[in-house]
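Once you've had a glance at the structure underneath, I'll fire off some questions.
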């Protein structure tokens, strides 16, 4: 696939609000699943399909994303001619506000390649698949675009995009956050089209003074272009709010979701950091939890996701919670339905009990 | 090449025969250790943390894993444009070819390599010790004392001293006056740690002379150091007092692994000022199920535990299935312990699969075809990498199991799988 | 020096206008000397001093700069804990316009290191030196800051900063573009201070709502702080206008300037690209010129600087000119006092004759 | 390790003795070539451009320069996480140790390495040929023809055919029916280029059998190919028609260097679709002064010319001082030609300095102590690297100069300098 399909990842999305968690990072740089960032999934799906040229378009607070991606070596994308390219907005152009994807920059980058197809992927859907069959189906169908969807619509919160699909898999209606969805078909945030069509569409938008394009922009062209749906059968986790971030993390702890997402045929790549192994002492209790390297577990951890370097001290209980990198839970604490952003310290004896439908969020570097 | 103040040379050694099947296919420094590491991570990380950016790794035994593992030295920040990590195998020269005959000869054969960096000092290290040491402090002493050589020494218990190379010093404790290899009646308890700093111009001359000496065994401890002492050169003892362990035997390898559970504060992998770096694959965070019990153990990414782990070190991607119990053991990467199996005091090689209901460990049985008193002691069981152990197999203590197609009765190996 | 002095490079400068040449790049990314960018000199001086932690602050059109710097491997700065850090402005902060260095970002980055000193360097002065003695002198003097200067003032155009310096080397006056300079002392765009003082100054500015800081900002504090001058004795090329860019390039062709800048004790590092060797045919004539790899010389080249991949066809003459990467000069052309930006094509028989005091500039990718 | 369709193995070889002093300290593939390159850049770049990302480089002779040069393969885009460039020296195994005895034996000793990638095909290359070739097209033919082995062949002039290994084919020209090593009366003019694609499962069996055969010399051309032919296996000839040159002799190395001036269109280093990558230091753009004359020559960064260069290849950092004349020569990196010296038809090793007023080249003098008819021909002079040649020294054609402290009369070497 390496010279057939080029990739584009839209790393930001102004419509998705993760509150305090997104204060310092865009959606692509959002930590997920103990040791990943959301962009790792989109990127690994591309790499596992054999695609070698991938652009990452950004406009929001992208320093943490740049630090994470580096040269792309973790994804084997530090290539001479191909490889990973970060596409920040071109602030030098007066026309561009820095509030949306930079169409001029995208156009500039993508027009010079010779790959016949482009896959555009957002970052807020977590799934593990390779695109061979998706690509094949698109090519054989003769459609202008093909978009990945599944039937999770009713269980997902907003923002969300629904489709009507006819018997030929053709998209006949696109609804963004409809009050009463007419179908269960919802976008998984990935579409394929001819690279030249993409470049033409951008050029056309720019000539009409449109500076703002999102994934939805392309789907809404269903009347002009032949857009088909391709049904994704696996598990997809949709992260579009704090609540869904919390729910989907809880869901990924248990099989079969855990195995499908993390232990698929191909690995999810991410930047590896040096940590000590995680140590469990004599008195710890751990149930149904995913725990990353560098943790020290002396208390009780149940139904929780722990990122790197978390300490849970003795006589503390962590239930149904998500603790980001280097969270320190002191002795005698009780945490339930809590999301703690990185580098925070929970003081001895602290009790934080949220509701599963309204988890408590503790910001970055806070001492509670 | 720009001049370097000090170049480090790691003697990654020949076959580490006392580790038996664990070094059948890999050089000793490439043996996995302590959940996330390989033995060579320790000298490499020490170099990197000590500000040494040019490191030669001398190796001639099964170097593929080691080469692949060290690569350009990226994980240890040793992928430098001027300097970095170099794997140095023996090679043909215009005068002929030669394997490395011994420690000093290995350095002798790489004089040109060292000369390229025009170093003032050379640091000689072993590839099979677990410790954290700031070589820069040792170099400072070497320079202050205007020594020709500085040797790191460790106080060992008097009763263990006869097992070591012992340095006898003058009353200051700093000047070495005599070296005794494994003395029956030691005069001191200062054991050589096999870590040397030499002034390069001095060592260079010694190596050339040693090579000419037909009676020499070309060993640093046995030949170079005594020769320098006999010439009244200044040999300084650098006293080290932290955790240090030679992992050259099955027993000491097991001990050192258990130490990371029992002596956490001494080894301390969590010291952000002196990190031990390693090369690790990307695996998901490990998972511990509701039925599992994990006590006094450590593990790393990719592990999945449904059974019981007690006082055990798990490397990446190990699986303990329901009802299985693993105790006092070391699982190297990718080991799977199937349902209901019991593993007690074992070191299990990479990717080996323990069948359902197996019983590994316990009271030794000298009749067992895998019984190996020479290498295994203290009821420790060692399994080679890539074995598939038959369901319900019984392997008592002090056994070392490898693939032996000759065995009919008592053969517990069902198949072997490729490992890399 | 690696844990004693941290570096900061100010890669942009809104006051410097290189006209068409700076349309797509900031001053730091400006090509110079056949195969370098201006930032290479500032960066190499740091690296050759043994400094390993270096931040590069940018706000203008920094994609070409990011492409050039990559992970910093070309400067041996792809380090785990230390190394090269690109500091683009944090557009996520409402307070920041993206038109100047991002003080919050700088403050955030520099406060967490433990190096006692910081050297701040601009990019528009080209010189080759190591800073050991500069650092030593600063420390021994007990001054708050020390700034590098030389006595080239009268021969340099604006923008330019002059100093008054007393007998103790203390700065007693700072003048920006004065009409009648009172001295010949002019800044070489490099200063050293305590890192903690720097962080405090930033914090102070931010608290007063100042979002804009430049190199000059610090010099102007000479009444409050003890700022000393350190005289740089070598050659320094000051690039602050198209005219000075042209003049200084001509000056660097000949010894002793060429040897001092390019063949100093330490090399100037830059990103190496793969090119064929340069080929000279039977009929070419070359006089007093620097020529990079990948060129083909069939005509006459005199007193000129040729970047990578330039072709000068037969019966063409290139005099007193600067040809950027991949310029193609067809047959029978005559170029004199011309600067050609990259990827441009000069059609057969074209005559372009500028004045040494007003060189012609041909833009990027133009066909003349 | 993930499965690879094809793995390339480059035989970087033993000592290239026909290159004399040029390979005293480096393996042949590491010899500088064509201003910016080393010989090994050609097979490595061909692999990279052909989409092959896993390359083993087999070497046992003076590997330090080669190792350092190849490194992780970054310049050729071969620093891959799964795959990449691997230097493969001989090593000790548990069964003992062995140098590479010959080409086939070298591959035999690395069967485990190849097995790790589970390839369908293996590409065998030499490290001493200058050419550009798309191995992917060759593989396509191998697959289409369902061949067991495919051998790249080149039509050579009939009168030169006796110098090559000749492949005799059936009338289709595609099926090889006979192999003749340097036949006195060739039946065909299709010369083997030493480039083979084998189906790995077939080659693996052949290597195991060949190793058991006490009469075998363990060579691909002499043993493996004839053995496969004798078993009626399908051997396909892949016809290549571009520029190709074996640079195994002084004369052919000089020729190939001159070809980059005289046959630019054939070699074509400027083809952006098939770039030859290399590792080069950062040097300033080269400088040509007002007094200099440069004709029909090529050079690269860091050169400084005040004198005259005609029909000459200069590598990086070479200097030609005022009044010096260099003609029909190859200067390797860092060579300095001092004022007034004349160099005519010479190959000069790295960092060598030619003293003022020297006269290098011209009519041979068999009495000259450096006269070397065995290796030098056609009046070509070869100077070792790192020599300082005395002012006004005269070195006639067909001389090969190295540091010879034994010479009193006629010694032209003043001193030697360290080179890396």
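By letter and in written order, the chains are A, B, C and D; residue numbering begins at 1 in each of them.
Keep this in mind: a residue touches a chain if its C-beta (ideal position, glycine included) is under 8 Å from a C-beta of that chain, and two chains touch if they have at least 3 such contacts.
Computed from a predicted structure; not experimentally measured.
S.K.: Among all chains, whose Cα centre is located farthest from the one for subunit B?
M.R.: The chain lying farthest from subunit B is C.
S.K.: Is the C-beta contact count larger for C-D or for B-C?
M.R.: C-D
S.K.: Distance-wise, how many Å sit between the C-alpha centres of subunit C and subunit D, to the nearest whole number?
M.R.: 41
S.K.: Centroid of subunit B to centroid of subunit C, CA atoms only: how many Å?
M.R.: Chain centroid spacing, subunit B to subunit C, equals 49 Å.
S.K.: Quick one: which residues in subunit D touch 2 or more of the other chains?
M.R.: 79, 277
S.K.: Out of subunit A, which residues touch more than one other chain, so two or more?
M.R.: Residues of subunit A never touch two or more of the other chains.
S.K.: Please output the residues of subunit C touching subunit B within their complex, sorted ascending.
M.R.: 2, 73, 76, 78-81
S.K.: Name, in rising order, each residue of subunit A that touches subunit C in their complex.
M.R.: Per the touch definition, subunit A meets subunit C at residues 24, 59-63, 66, 70-71, 86-88, 90-92, 98, 105.
S.K.: Any idea which subunit C residues touch subunit D in the complex?
M.R.: Listed in rising order, the residues of subunit C that touch subunit D are 33-35, 74, 253, 258, 262-263, 267-270, 272, 274-282, 284, 286-294, 296, 305-307.
S.K.: If we count contacts the way the header does, which residues on subunit B are in touch with subunit D in the complex?
M.R.: 1, 14-15, 24-25, 59-64, 67-68, 71-72, 79, 86-94, 97, 99, 112-113, 115-116, 418, 420
S.K.: Looking at the complex, which residues from subunit D come into contact with subunit A?
M.R.: Where subunit D meets subunit A, its residues are 51, 77, 79-82, 277.
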